[in-house]
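This is the structure I have questions about; it appears just below.
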Amino acid sequence: MNIMLELYGLIAIGATALAITRTIPVHGLLYLVVSLLALACMFEELGAPFAAMLEIIVYAGAIMVLFVFVVMMINLGQPDQLREKGWFAGGAWIGPSVISLLLMGLLVYGVSHNTMAVGTVGAPIGPKAVGLTLYGPYILTVELSSFLLLAGLVSAYHIGRRIGGKS
Amino acid sequence: MMMFALPALVLIPFIGGLAAWLVGLRGASRAAWVSSLITLVLMVVLLAQITISSFAAGAGAGGWFAHFSMAWVPMLGINVRFDLDGLSLVMLWLNAVIALPCVLLSARNVADRAGLFHCLLLATVAGINGVFMATDLFLFFFFWELMLLPLFGLILIWGDAGRQRAVLKFFLFTQGSGLLMLLAILGLVIVNQQRTGVITFDYFALSQTALIAPIAPVLMLGFFIAFAVKLPMVPFHAWLPDTYAASPAAVSILLAGVLAKTGGYGLIRFVVMLFPQASAHIAPLAMTLGVVGILYCAWLAVAQDDIKRLIAYSSISHLGFILLGVFSGTRIGMEGAIAQMVAHGLSTGALFVIAGLLEERLGTRDMSKMGGLWPAMPQFSALAMFFAAASLGLPGLGNFVGEFLVLMGTWQVSHVMTFFAAAGLVLSSVYSLTMMLRVFYGPKKTESLAPLGAPSVPHIAVLGVAALLLLALGVYPQPVLNLSVPASPHVVSIAQEQAQ
Amino acid sequence: MPIPATVWGVSLVASLLPLVIFCPLAVSIILMLTGGKLPARATTLLVGAGMGLCALFAVVSAYSFLSGPNSLGSLHVVLWNWMNVGSFNAQIALTLDRLSLVMMLVVSCVGFLILVYACAYMYDDEDIARFFTYMTLFVASMLLLVLASDLLGVFIGWEGVGLCSYLLIGFWYGEQANAIAARKAFVVTRVGDALFLLGMLLMATAVGSLDIPTLLAVGPHAAPRTLTLGMFLLLGGAMAKSAQVPLQTWLPDAMAGPTPVSALIHAATMVTAGVYLLARLHGLFVMTPLAMLACAIVGFVTILLAAGSALVQTDIKRILAYSTMSQLGYMYLALGCGAWHAAMFHLVTHAFFKALLFMAAGSIILRVHHEQDIFKMGGLRKDMPWVFAAFLAGSAALAGLPLITAGYFSKELILGSAYDLSPIFWAGALFGAFLTSIYIFRCVFIVFWGTHRTHAHGKSGLAMALPMAILSVLAIGGGWMEMPDAIANVHIFSNLLAPVLGALPEEHNTSLLILGSLVPIAGVTIAWTLWRPKGEAPVAAESPAIATLRADWGFDTLYDWVFVRPFMVLGRLNRRDFIDRFYDLVAALTQGSGHAVAKLQSGQVRRYAGWIAAGTVAALCLAV
Amino acid sequence: MSFSFLPNAVLVLCLGSLVQLAAISWRRHVARDAILCVIVLVAALASIMMPTALLMNGALPLFAPDTWASFAGALIILSVLAIVLMSRHGAISADPTVNSEYFLLLTLATLGGVAMTGAVHFISFFLGLETLSLALLGLIAFQNKRLDAGEAAMKYLLLSGVASATMVFGFALIYAETGSLRFAVPDLSHAPEPIIGTMGVILVLTGMFFKLSAVPFHLWLADVLEGTSVPVAALVAVTSKIALFAAMLRYFSSVNLGVPSAQVNEILIVAILSMLGGNLMAVVQTDLRRLLAGSSIAHVGYLLVAFLSPVPFGVASAAFYLAAYAISTIGVFAIMNGVLPQGTDIREWHGLFRRKPAAALAMSVMLVSLAGIPPAVGFFAKFYIVAAGVSAHQTLLLFVLILSSTIGLFYYLRLILIMLTPAPAGREAHAEVTSPTPVNAALITVLACATILLGICPSTLVQHSQALIVASPLPVAAPTQLP
Amino acid sequence: MTAADPNGALIVAVILFSLGALGVLVRRNLLFMLMSTEIMLNAACLAFIAAGNRWHMADGQVMFMMVVAFAAAESAVGLAIILRMHAAGRSTLDADTGNRLGG
């Protein structure tokens, strides 16, 4: 048992729960960042320090900042927040909650019936090992992922073009 | 020469249809008509040639006497295989005989896009020819579905009010049931493959498996339903009245004259001959439904106002006899069913010619608006009377031969059913004479309608020839009865042996 | 037994026999093909020639047959093989034996006379060609019916005469009622035809052939139950054709046709086809006492019912129609008693006198402006004495006035055999004879005596008079060829038929004969007291009971309510076919579920995601 | 010694997209970029036929060098080629400043698709899939001034995000169970194994069904097809489905689908729901593209029938069906694009046989093919699938197939019917009928001819399909533990 | 180094995944929905890391990186679309209203 892992997990869950229930996007984003940081800590505990760093840098750093930018650019006003509150009222939660709970229950049931052995004690898999794997057996993956990013890039570029221009 | 005659029977109308279309593109509807007619004449000549050489090869004694085979999809054991037996030959003749007036009479009716009309009509004819000859089950199914497609266009473009609904209904019924048959065909093929290790769609090769397969009843049912829908059998008949009523005259003739017979042909060739035991099991049900159809549709026919619907329902009623005969399990019933197919093709086709002419002249099909037409067109009315008499099964005309033999075959199986079927004879007189009464007799009611003219010479000629044929079939049916004995799938084709 | 056609006489008959049928058929076809373009004179000449030839050939072949070496047996002429499927074989073949010979002569000769009469009767009708097309076709069919050696061949004629009857009843189709009457006649007889067909099927299955000689030879060995059922079915067919209760309703309506039609078809020939059929099959019939009893009962009931109806009719043709039914009843009674000779004899004499009566009635109708109500006629005795004479002769024969009429002898023969079966039948039949004389003389007295109520014009021409004259002679003297021993030992007719029908049974009690002779006289007397000219014009008695009686004892109404109306009304209700509606329902259901499925696409992405999640959850449930 | 194999086509497409990128960055020129795209695609097609060029020692096997991959890859490339041809001069390239990327994105989408067809590893599958998705996103929203396009892209993005996440989660569960990222469905024959592997497969299936748009994961398809331009709709409806189906077939190639298990049951149910749901949905649609969405969903259902009947015809019939489906569906879209680009409402198609007989005829041929009526290729395809189903004794599926095909007939035929009949009075069509460009016309002609010819002489394609081998991923090695 | 429990981490991942799903289902704000999909992807990442930990292999982390790459690209595109729609005239981020496609 690793108490720290549990603790980080709880933090992540709590922060995520808060994140998805905020009415103000920025608040939600901040909770999400907290959750991501907790996750990074979990990665560290799980013996993946490189992943933990990437999580902080790419996720908490880059992607979340992107979100914040967009929030700023769209600059939603007060009416939107009031309306968000309205959307939470009533039965809007029932259906989704039932589905999510079922999903969670089923998956938890599956995971807890797992015969998975307790993780082996061993040295954490550091950046070097990851790098060797990445540029060894998975070399083609790296190349392909660049085209994935290229596709995303071109798409995002094209879609976002001429935002300020006349349409 | 015989070798390629069979595929040529399919190709000639098809190519002729394309030619008619191309000719018609120039805008001359007459030219399309002529080329279509020439095609059919060619087909008839070829058919005559085939018949002559068939007799040389021993036709009339049963068995198969012409054969053609060519690989199509060898990976799946699909061949283009045609075989000819007496039944096929008779049905091919029926097709040719019915198709000719369809083309002949459409000279004037169809001015709009005549080339396309003839193209589609001939394509249908080609498909029907294929159905009557194919002995590769895939090929058979191919033609089975193919012959419907041109009809879609024919009915939709040149049809009457309500055609859209009717044509969709027609297609859904026939195609849906066709898919069931596809299932059955494939089931048979797969069972055969498991038994022998060979994938083949060959009728003859599969007939062995069809005999012994444990799921033969299920497979048979697939075939049966498809053919029962096409025939049609009650309760699958709902498409027919709408379709017949909405079709242009030539198509009604073709539909009633030949297309329904493909169902009967299929029942004989692919249900009774292929699954003798299994079809014997279902025979009581099929016969009961046949009797129900005879009575129920005769009853409905009496109640109709639309003359085409009346003929359509009467047609279903008559086709019940085919069902009875085919499933009576007796040779005599089977022969009767075949005779009935031929006779019904001629008589109902002729009735549709009459209905078509009436509609053309009067602008209505509603019998409550007709009446007293006899003085205006006496010869025509007399011919109508003739066909009404044929339809009610007057002895001496073809229909009687069919009905009598069917009843005789049925009598040997079930007296009760025969009683009810014979009651159908009474009802058939009711609707036939009611039609005469409402259309031709009584005081003249047609002042408000378009003026009548004398029927055209082709009309009278066509009806006259049909009458003669019916009469010939009625008083001397023996050639047809002798020739039309369906050959067993277990008999190897003479021609095929020769080819090997 | 068929013998090789080596003898000259036999070969002559064999070649003439088809011609007997062919002559009227050829006339019919010629008239059909010319399509009414021939002038009336040419038409009548053609018909006269054709029918004359037909009658001539019939007489010649009858003579050669009777004088030939095989006059006791039968002559078989096979024309061609009709159907030959498996073990079943049907031929188009003709048989001449003494029974069919008699029928052939009746049909061709009486037919010839009636057609000659009709030539004059219909001369002014513009559709005369069509009329004679049907008429000659009828004669051909009737001859085929009579001569065919195969039951199936008989059936061709059977249905052929039915069709011609239909066409001729509806000859004046401009009147809707005529066409409806025609349809009714055909449909009702068609019921019988279906029964006949079933009977044939049964016979064919039991015996293996429908060839009549074979049937008669092999049939009696069939299982009695099968035989009984088969004979019942055939009896049903015959009854419908002969308008016997309960299938009699068509005959009065059939009077809508031209009068020669009524004379030929609905009096002399077609309606007697049933009698002929049963007589032909008497070898089988005699094996089934139950069927015979039924036949007798049917005849008995019909005699009385029809006579009762005839008593109150006002239409002259309807009187004759009911009288025909009643007389046919006598024949059926005779058949039921096994008195084949009597039935056939009455058939012949009835053909004479009833054809005569119809012709006379037709002459009257023609000359009083197509008036048929006897109460609107009167005093015609003076205007048309020859017609009166003919009608009187016919009436006397019908009433069976003793000794001097043909009807007397044939009826006495029947009454005698009815007594053998049961005195009740005899008494009823006697009462029927009593009624017969009353109603026919009622008609005579009303029409020919009393004051003029209508003006008669014109004269009946020679073409009409001659046939009537000939038939009058036959109606009076035709009976002398068969007389009871008590009167004179003349048995020409029964001797003629004896090789086919067997010997005549022994003589009957003379007291019955005397009683039977007195009854018609009593009837005429009563009719005279009731309807003799009384100064004022006679009127038809009216009361609900009489109205019912006049309307055929309510049979028509009953059938209308029990069969016709439910059939038609329910048919109209179901005109659009409830099975079709069921498919419409299926289509609507499909459409509806389509809309339901399409509604899932609300456009809200959350819901879409919800479905994805729900689907996943459901799938995960499968795994648990 | 393991070696990795990079399919030629992937390589060519990678290089090609770089070339296109470079060309765009040098100078924008629409015609040149289009031609470049065509050249790249043709080169990729040619490269499929050639022996593998790139083998890497020591790398993980990510792709399988089998005929199935080649077939599906070729099909994808051909379909994209058709889409390129039809989109030239279409509404989408009306704005000259934006359309160069269009062709680049098409190339990238092709790359993703082709990569998926050969993938035998989660990573390569995932990358291919997401490359395709991202490129598609760009294409869907390509007309970025249209709100519809944006909405469609947004929906696609969100839902595909959910689906991808689900699928990745499934990968993770499988990985947790087996320790391998190779394509190998956990062998569940020795129950009661931990169900986590099964759950992983089910989550993966969710992702796959989403992309295939099988019921109940189908809801996005109609909206996306409606929102985007016609050629892109064709791409969504055809190319991405071919790619995904190819990958799915390979993924399950190691599983005996005849043995009931949770995932087989799920596929079965989904197949039934798809066939019925798709057809029922299409019956009531009045928008042609939504109708085609329904049709597409139904066809996925039919494909799943073949999928569930692998022995002995399943793969071959699926291949044939994919080809038939691709030809006919692209044909329909090409005709839409060429003749009635604005006429998405089916009522606009009234009387097309009068206005544009040739196009209407071609359209009818395509619809007949989709409906599965001879002599069009769709008939043989359906026949083949039914043959597969029959030989695998999939009775239930087959009955549903027949039922739903019959429903399907209704709307295909109704469309032909509409084209044959003039518009009812007062409801005349508003949309302008345009003449297709020569390229598009040629494309339509080729497709129509192919539909008929392949329907009449299917033996060549059958021969190819029968020869297809889906290489099973290498046998799963026992999870190796680090010492 | 204490032994980490991959099962526990997996359960956390499951819970996060479900929360993400809940977010997508319940929120109408496009931005939050996008965030929720990121949460789901993150949960998958965690699962991968946990599984990698179980097998003690680097594959998990490699996959993690690919997923992160995808997540980045996806959110970039997604945000671009949001901006685009906003610019094109859809004033709110409400996903339920203003839909033109559907039915």
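First chain written, first letter: the chains are A, B, C, D and E, and each begins at residue 1.
By our rule, contacts are C-beta pairs under 8 Å (C-beta built on N, C-alpha and C of every residue); 3 or more make two chains touch, one makes a residue touch a chain.
Note that this is a predicted model, so its numbers are computed, not measured.
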Path length in the contact graph (chain B to chain E, fewest steps): 2
Greatest separation from chain A - chain, by CA centre: C
Chain occupying the middle, per Cα centroid: B
Chain pair with the greatest number of C-beta contact pairs: A-E
Inter-chain centre distance, chain C versus chain E - centres from mean C-alpha coordinates, in Å: 95
Gap in Å, rounded to a whole number, between the CA centres of chain D and chain C: 78
Chain B-chain D separation of Cα centroids, rounded to whole Å: 42
Computed distance of Cα centres, chain E from chain A, in Å: 5
For chain D, residues that touch 2 or more chains besides their own: 123, 127, 130, 134, 137-138, 141, 144-145, 153-155, 158, 162, 166, 173, 176, 195, 198-199, 222-223, 410, 481-482
Residue list for chain E, restricted to those that touch at least two other chains: 6, 10, 17, 20-21, 24-28, 33-34, 45, 50, 52, 54, 56-57, 59-60, 62, 66, 70, 73-74, 77, 81-82, 84, 88, 95, 99-103
Contacts with 2+ other chains: residues of chain C: 598, 601, 603, 605-606, 609-610, 613-614, 616, 620, 623-624
Which pairs of chains touch, using the document's own definition: A-C, A-D, A-E, B-C, B-D, C-D, C-E, D-E
Chain D partner contacts - residues on chain B that touch it in the complex: 71-76, 138, 141-142, 145-146, 148-149, 152-153, 156-157, 164, 167-168, 171-172, 175-176, 179-180, 182-183, 186-187, 189-190, 193
Residue ranges of chain B in contact with chain C within the complex: 169, 234-235, 237-238, 241-242, 299-300, 302-305, 330-332, 335-336, 372, 374-375, 378-379, 382, 385, 389, 392, 394-396, 400-401, 404-405, 407-408, 411-412, 415, 418-419, 422-423, 425-426, 429-430, 433-434, 436-437, 440-444, 475-478, 481
Chain E to chain C touching residues, read off their complex: 21, 24-28, 33, 95-96, 99-103
Footprint of chain A on chain E - complex, ascending: 1-12, 14-23, 25-29, 31-32, 34-36, 38-39, 42, 45-46, 49-50, 52-54, 56-62, 64-66, 68-77, 79-84, 86-88, 92-94
Of all residues in chain D, those that touch chain E in their complex: 122-123, 126-127, 130, 134, 137-138, 141, 144-148, 150-155, 157-158, 161-162, 164-166, 168-169, 171-173, 175-176, 179, 181, 222-224, 226-227, 290, 479, 481-482
